[in-house]
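Presented sequentially are two complexes of chain A, the first with chain B as partner and the second with chain C.
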Partner chain A sequence: MDPYEIEFIGENRIISIIPNFSYDKIYLICGEFGPFRAGLPLNVPLWLAIMLKQKQKCRIVPPDWMEMDNLENLKEEEKRSRFFTKMPNAHYMVEAKLILGAAGDDIPNSAEIKTIIKDIWDIRMSKLRTSMDALMKSGGSYGRLDHLTMMEINSVKPLLPAAMDDLLRIQMMAKKPAPASLNNSTFSQSGNSQNV
Partner chain B sequence: MDLEDDIEFSNDEEEITADTVLKTLQSAWQNERLAPEILPHRNDMVECMLGQIQHMERNINKLPKTDLRASIHKMELSRIKFIICNYLKTRLNKIEKYCIPILNEEKQRIDSGTNYLTPSEYKYAQEYLLNLESHLKTVVLNKVPNNMQTFEMSKMAVYPNLQTHVFLQANETVNGVVLEDIFGDQDEEIDLEEGSQHILQYKPIADLVKNGKVQLI
Partner chain C sequence: MTNSNYLNISDILVSNEKIPCKILQDLPKMGFLDPSATEDDLKVGSNVEIPLWLGETLYSRRPPLVSVDLPKIYKDAYREILNADACTIDLHKFAQYFYELGCYIAKYDIKGEVATTLVNTFKQRFRMLLAASVSNDSIGTMQPLSVSERERAAAAAATEHALSAWLQRGDSPLTTACMVANHRKRKRAEMEML
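Entry: the complex of A and B
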């Protein structure tokens, strides 16, 4: 899938906004939202929040996980752990990008937050590359990747599945006794690794 | 004006389903995008959603153009239409690409009442194949020596690669998924815990995708 499609899926997440207008409840197909009261926070889907923000009809309340302290902890933990840590939000990158892009002025320290989220992303991507390398070297055809977000998974497509397909094809050609480790490997850094 | 009531009413009536229908549709779209083969159609969901969209559009037209609600509703409808269009297009692409095996398998499935294609998709597939054949005949086959003129369906067939690797998330715990060892002697069993994510071959989990126990990601 294309990154914009992942973004599209991420846009369904619910976040909090403070509208500057008052309106009755609105009944959407994906649920009912409101009533809108000027100055009082309420929950809406991200796409609606961005749209209202662009029309300058609301302020976006930064989600809890997007606070500097929480992000610092997250980054430290991500650095310390061999495994992927569970992210506070399954679409953290999408949410951060959209909120910081459309509503940077609503978020205190938006520049620092942007940098630290990018750092977390970079640490995770480098772990992902190392695990992919290990998986391919062990000739595995199965891996477990708990806690990876959709955007992260999508970023290794089509490379990883295609490489595994090719490896399988080569193995089928060779058809000679397999090393004992075949199919046994898991993503060494993903979640609890005893899965097979 | 009874507009407010109208919108409210339509939603109350469908309240139990509208949101669920949308979610089902979205996961069907995601699976269809990511699975190598064609999946059983969810025409019930598509039809239901199209009805809902029409109803909404009629109501939006009654609103003044500048009304904020109108633009919000329009935006939501565009998002849903995108999912439906993309879903149907993805299916048509697969039907064109794997036309011959899909038709062959579909004939058996229709007999047992477990068809994957909607009647119109089936018709489209048949016509596509006929057109392909007549096109090849007029352009090439009729102009080559007699012994090379036959249209050999089996040699034209393109099959989806079911052994390709896919990413998935388990919607519920599934125990004992057998990963076939290509050398045939050391099959492995794995358990998919609810919420866990994996990369593995499509073939052993194809049925789990079709019955909704796992979601492709």
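Entry: the complex of A and C
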């Protein structure tokens, strides 16, 4: 999948904005939002929030998780843990990128937050790579993807599933005592677990 | 590894790889198979290199007309290198279809060591695929990969490229400050890889 498609999926998440205009309820495919009252916070999809922000029609309320202390803790925990920790948001990277990109002025410490989120992302990506390598080395036939976000899972496709298919085929062939003739292919599943 | 289907092009290419065989019966009028032969007939005991598809067919005759030998990349000497460190071998030079051909060849190895070597080699070389997918020097890192490995690495590189393009896009993309990038802890991924 293309990262933009994942961004599109992530854009449906609801965030809070403070509009500077008043308007009736609006009816969208994903639901109805509003009524908009100037100065009163309300929840809208991320894509709408970004669009209104770009037109200078609202301020974006920083999401709860997008806060320095919170992220510092998260980063420490991510560094300490061998496994992936749970992210506050299933699309944290998409949300951070869009909000910080369009509404950096609404977020306190936006530059620091940008850096720390990128740090967390980098730590997770490097962990992902090393555990992929470990998974292949140990010959495990499945990996647990707990707490990985869609964007991160997408970054190992198609390499990891394809490589595991290949490995499985070679292993099947290795187990098979009877001669395999030309133009035969087999599939099966077995093995031990490994955290990816 | 591609699925071996009847009309799968890469599978056809694999079955066209030459394998060394020893002739077990006199084969009249088959001398053309051996370029060094002087006579029209192929004599018992001569060694020829014939395509896998022909070798398999002649071998499966009862009694077999040929005995199939292992290509040199699957023999003891190379197996030792592969088991020690598979990443040092340039598979593209030695055996373009290393894994695919290996799957066919393994059954002629009575001790069954070829199969183990194939699995080990694949596990070890996965690291090279990872490295090739993120590397800027794509020619250098892709060069030693076998055909199927190259396909994998190219697909992975495309994903990687799309992801970094996404991260860079916009007027205020999330990028690493160069001060942070030069800091030692950033090298973690590389250090752990090595």
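The working rule: the second predicted complex is superposed on the first by the 175 of 196 C-alpha atoms of A that agree within 3 Å, B and C clash if a C-alpha of one lies under 4 Å from a C-alpha of the other, contacts with A are read in each partner's own complex, and residues count from 1 in each chain.
Please note the rule applied: a contact is a pair of C-beta atoms (placed from the backbone, for glycine too) under 8 Å apart; a residue touches a chain by one contact, two chains touch by 3 or more.
Keep in mind that what you see is a predicted model, and the values were worked out from it rather than measured.
J.: Does chain B (first) or chain C (second) touch A:17, or do both, or does neither?
T.: Touch status of A:17: no partner.
J.: Figure out whether A:7 sits in contact with chain B (first) or chain C (second), or with both, or with neither.
T.: In the superposed model, A:7 contacts chain C only, not chain B.
J.: Which partner does A:171 contact after superposing on A: first (chain B), second (chain C), both, neither?
T.: A:171 sits against chain B and chain C alike.
J.: Going by the contact rule set out at the top, does A:150 touch chain B (first), chain C (second), both, or neither?
T.: A:150 sits against chain B, while chain C stays out of touch.
J.: Is A:26 in contact with chain B, with chain C, with both, or with neither (first, second, both, neither)?
T.: The first partner, chain B, only.
J.: Mind sorting out which residues of chain A both chain B and chain C touch, each in its own complex?
T.: Common to the two interfaces on chain A: residues 157, 165, 171, 182-184.
J.: Which stretch or stretches of chain B touch chain A in the complex?
T.: Answer in residue numbers: 4, 7-8, 11, 18-19, 22, 26, 30, 33-34, 49, 52, 56, 68-69, 71-73, 75-77, 79-80, 82, 86, 161, 163-167, 179, 181-183, 186, 188, 190-191, 196-201, 217.
J.: For the complex, which residues does chain A have touching chain B?
T.: Going through chain A, the ones touching chain B are 1, 5, 8-9, 11-12, 21, 23-24, 26-32, 47-48, 51, 55, 57, 141-148, 150, 153, 157, 160-161, 164-165, 168, 171-172, 175, 177-178, 182-184, 187, 191, 195-196.
J.: Which of the residues in chain A come into contact with chain C in the complex?
T.: Listed in rising order, the residues are 2-4, 7, 96-97, 100-101, 104, 114-115, 117-119, 121-123, 125-126, 129-130, 132-133, 136-137, 139, 151, 154-155, 157-159, 162-163, 165-167, 169-171, 173-174, 179-185.
J.: In the complex formed with chain A, which residues of chain C make contact?
T.: Per the touch definition, chain C meets chain A at residues 1, 3-6, 11, 15, 52-53, 56, 60, 99, 102-104, 106-107, 112, 115-116, 118-119, 122-124, 126-127, 129-130, 133, 148, 152-153, 155-156, 159-160, 162-163, 165-167, 170-177, 180, 186, 188-189, 192-193.
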